[in-house]
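Take a look at the following structure, please.
All chains are identified by letter, namely A, B, C and D, in their written order; residue positions are counted from 1 within each chain.
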Amino acid sequence: MTRDEALFEFCLRMGDSTLVLGHRVSEWCGHAPVLEEDIALANTALDLIGQTQLWLGLAGEVEGKGRDADQLAFLRDAWDFRNLLLTEVPNGDFGRTLMRQFLFDAWHSVYLARLLKSSDKRIADIAEKASKEVAYHLERSADTVVALGDGTEESHQRMEAALAYLWPYVGEMFAGDAVDAAMAEAGIAPDPAGLREEYDALVGRVLAEATLEMPESRFAHKGGRNGAMHTEHLGHILTQMQWLQRAYPGASW
Amino acid sequence: MTEEERKFQARVDANEKIEPKDWMPDDYRATLIRQIGQHAHSEIVGQLPEGNWITRAPTLERKAILLAKVQDEAGHGLYLYCAAETLGVSRDELTEDLLSGKMKYSSIFNYPTLTWADIGAVGWLVDGAAIMNQVPLQRTSFGPYSRAMIRICKEESFHQRQGYDIMMKMARGTEAQKRMAQDAINRLWYPSLMMFGPSDKESVHSGQSMAWRIKINTNDELRQKFVDQTVPQAEYLGLTIPDENLKWNEERGHYDFSEPDWKEFFDVLKGNGPCNTDRLTARQEAWSDGKWVRDAMLAHARKKAAAKVAAE
Amino acid sequence: MTRDEALFEFCLRMGDSTLVLGHRVSEWCGHAPVLEEDIALANTALDLIGQTQLWLGLAGEVEGKGRDADQLAFLRDAWDFRNLLLTEVPNGDFGRTLMRQFLFDAWHSVYLARLLKSSDKRIADIAEKASKEVAYHLERSADTVVALGDGTEESHQRMEAALAYLWPYVGEMFAGDAVDAAMAEAGIAPDPAGLREEYDALVGRVLAEATLEMPESRFAHKGGRNGAMHTEHLGHILTQMQWLQRAYPGASW
Amino acid sequence: MTEEERKFQARVDANEKIEPKDWMPDDYRATLIRQIGQHAHSEIVGQLPEGNWITRAPTLERKAILLAKVQDEAGHGLYLYCAAETLGVSRDELTEDLLSGKMKYSSIFNYPTLTWADIGAVGWLVDGAAIMNQVPLQRTSFGPYSRAMIRICKEESFHQRQGYDIMMKMARGTEAQKRMAQDAINRLWYPSLMMFGPSDKESVHSGQSMAWRIKINTNDELRQKFVDQTVPQAEYLGLTIPDENLKWNEERGHYDFSEPDWKEFFDVLKGNGPCNTDRLTARQEAWSDGKWVRDAMLAHARKKAAAKVAAE
């Protein structure tokens, strides 16, 4: 694996995660429990899609085969996706969607903070733009997790269930591999394993305020970041997401 | 007319803005609540046909633009509910009336978006018609409504340009895209004309609404203006408006055109449009599925307030 | 419109309806309320897909442009589909799925009985094979509608709601147009309007036994059989159904 | 051993079939219920990974074949539940035990089907491994189980051929199809080997089960047989089995191969497979969503029976 190959993988991991999560969040459009949440969810999805344009744009540039962000987003099949599994699981109820958002935002904010100091200026620039947006996402999702965890008995139970369902997908964020090692060595991106402590502290603080217990299990589903094994859900997402590009190849929109 | 009514009308006639705390006739209040409420509901329900294509948008850029648009629409809903609230009705009451079918939303949203070209056509034709309705309402007599309209119109014209841009891409695109664009205008042309409502000649309420400056132009005036504006745009795109009778009338200085099928309009109003059931069900489910969230948020806010009081 | 053009449309109407309904029914796979129903639903879907092969195969033959049944099924976009709108509405609960099946089976059995005497032998042959299968479908769906209509209070209410939701899609089956007129004139297929009475009698009998009231409204959603206006649901069905053929054009499977 | 136990064992040893009304040891009954029940559950849960591709099957023919296959599997579930019921346990009880997690199903179904090639690989490898397990069970000592196995094996070998046929098409297809086929075998090879269970050396129960002819071969024997049969098939397809240690051992007359990761196996058994939660949730929801249907059918059957009695 050359450094540029690793960098390409790294960019896909970032861009595919924001793309797939953006897709999931956008599924809420017009169906949220309150109007303010409809607006907030659309805004989150919009930011994530904007970040996707940057990451996949850079991925295409690094790859050097003339693929742009749209081609990468709309013309790869599931096995070539490198998103965190967490981002592709179904929305479930609003509580699960917000818990997933919070667990992602917390990782995203910690990770982007390190990327600000990336030795690759292109990455530092993307991180700078994204981290402002993500700070706001995190504030919102954390507040909502707290309100719903510490709301009614029903909402507390739902948030407990959401956390139990989602927790096994957290570990993948911190499981480093050869790509991460290459990125760390080049000073481009941090070793993800080194971020777990900060993440746990952040998440623990919010969950405590939400009167939710942080699960102890460290069992982790893996296979999204390296493409080895996605969930069955991703393929269904792609049938929708890529429909027009697949059905009308070569058209411009 | 009572003394109060006369004073009120004089203020309206002098183009003064009526503010929520000012005295106003009961009917003025009721008519405004209905009109602003329906407009707000339309923004909310209007998210659904466009939301239908967010997950299938063809490029990242188009997806982002569509997300921003739908977000704007929810925002418009919010301004409008706030404007209605100044008249003494709550957003929840208005929502319950929407969900029970007591209040309506624009019947255009009971038509489906079947292809990506429909997203273009909705922006171009539907937002185009909406703007035609809304621009004069920036000068409406009720202050909060007028101010909401000013904000909304600014964003809507942006949306319309984006819609037209989608149509342009398709009309200049592949054969399939052209066909898609033409199919969209075929289906959406007459429903867009219906958005201005039936001819005012048949309406008893229009006169009073116009006197109160809740309504500025007649439906027929606005419809004509819309047709006059849209026909050259369609020509520029190379698309055909599905109306054999459409032609420029030199004498009138306007296009002659066919009336939409008003029977269909009233059918859709009655609940028999292609998507009435789906739209209302979607909103009802959003509301009932979201009850636990609203309850929890309220409960949490109360806990926080109580804790704050206890701490003080 | 030449006679063959009308015949092509006619075959699409038959084949697209069985294709789309087969798709909907197959969505139940592994999710039915009892094992016997899982088997029965898979069996119904299987029959419908088999009939689709025959109808769309004939459509391709009539069209004479070298398109086979698979190309017609997997490479047309929503607007070129000619299925009854009834077949594309979402499954809803099991009761709605079975009510839809019954309303379709009743039409299908009445219609196929006439097609047995079609002047076009190819059509009479398909009708002969299909009508045996459909007789069984109808028996099953009618029995189930009766059991659920006349079961518990809850099941009665659910079946009432299903009927109310689906009834506006019944009228389209009997709304003839130029294609139907051409088919009737050539002795190929009956004028659909002429079948309504027989249909109403059949459906009325079963609904009465199911203690359900036959709706009086004649309001009908239209646009599926002539492609003028499908529901928003069809496009979503196609993203799944056509995925592989769209994503891997030209591959054979 | 009691007299009854001795007689029972003698019948088993003489290859006589034990029938439901015959005397049998409590443990024989309990072990059979567990084994047949698990097998039935596997057929039912096994519908899900394949059902995942029915709506996306690439041709009408493939869709029909897959539907027929899934229908067969539900049928197998039915035979097996019936066989288990002869032992005095009801289908509903067995279902409740599945849904509560008390009873298991084959862990292979906790792996996802991610591409169409997986449908081929499931037929070829998973059904292949299942048949390897099931063929000897046609000679099992319990009559109803043996007869169910005879019917099932006939259909399964048909399924396996269909799976192999899918793989063949893909292995001889486009580059993307070949890659898909190889990716499927990469993911499903070791889980297929796990289907035979850990080495019997580690199992205490195997000896008794074999004496009772509930189990005919050891897990290791069957696994070896599966590998020996499958390797040439993979070679014929031009696909690579993801095992660097795989090679023909002239001396043994068998292939040497790597053991699967048994830690992963026990993890999946514990509920931590990629799809355990989704699979069980799907079945739980099918059961709870379907309650009103089952209740209604029962209520209707009672009404009909009562009406019949009244009429007589």
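Just so it is clear, contacts are C-beta pairs under 8 Å (C-beta built on N, C-alpha and C of every residue); 3 or more make two chains touch, one makes a residue touch a chain.
Every value quoted in this text rests on a predicted model; they were computed, and no experiment measured them.
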Looking only at C-beta pairs in contact, point me to the busier pair out of A-B and B-C.
-> A-B
So, what's the distance in Å between the C-alpha centres of chain D and chain C?
-> 35
Would you kindly tell me how far, in whole Å, the mean C-alpha position of chain D lies from that of chain B?
-> 57
Mind pulling the chain D residues that touch 2 or more other chains?
-> 56, 176
Could you say which residues in chain A touch two or more other chains, in rising order?
-> 77, 239-240, 243
All pairs of touching chains?
-> A-B, A-C, A-D, B-C, C-D
Contacting residues of chain D [partner chain C, same complex] | 44-45, 47-48, 50-51, 54-64, 67-68, 70-71, 74-75, 77-78, 81, 91, 116, 166, 169-170, 173-174, 176-177, 282-283, 285-287, 289-301, 303
Contacting residues of chain B [partner chain C, same complex] | 49, 52, 56, 112-115, 176, 180, 183, 187, 267, 272, 274-275, 277-278
What residues on chain C touch chain B, complex-wise?
-> 77-79, 165, 168, 219, 221, 223, 228-232, 234-235, 239
Under the touch definition given earlier, write down the residues of chain A that touch chain C in their complex.
-> 77, 236, 238-240, 242-243, 246-247, 249
Can you list the chain A residues touching chain B in their complex?
-> 19, 22-23, 26-27, 29-39, 42-43, 45-46, 49-50, 52-53, 56, 69-70, 73-74, 93-95, 146-148, 150-152, 154-155, 158, 240-241, 243-245, 248, 250-253
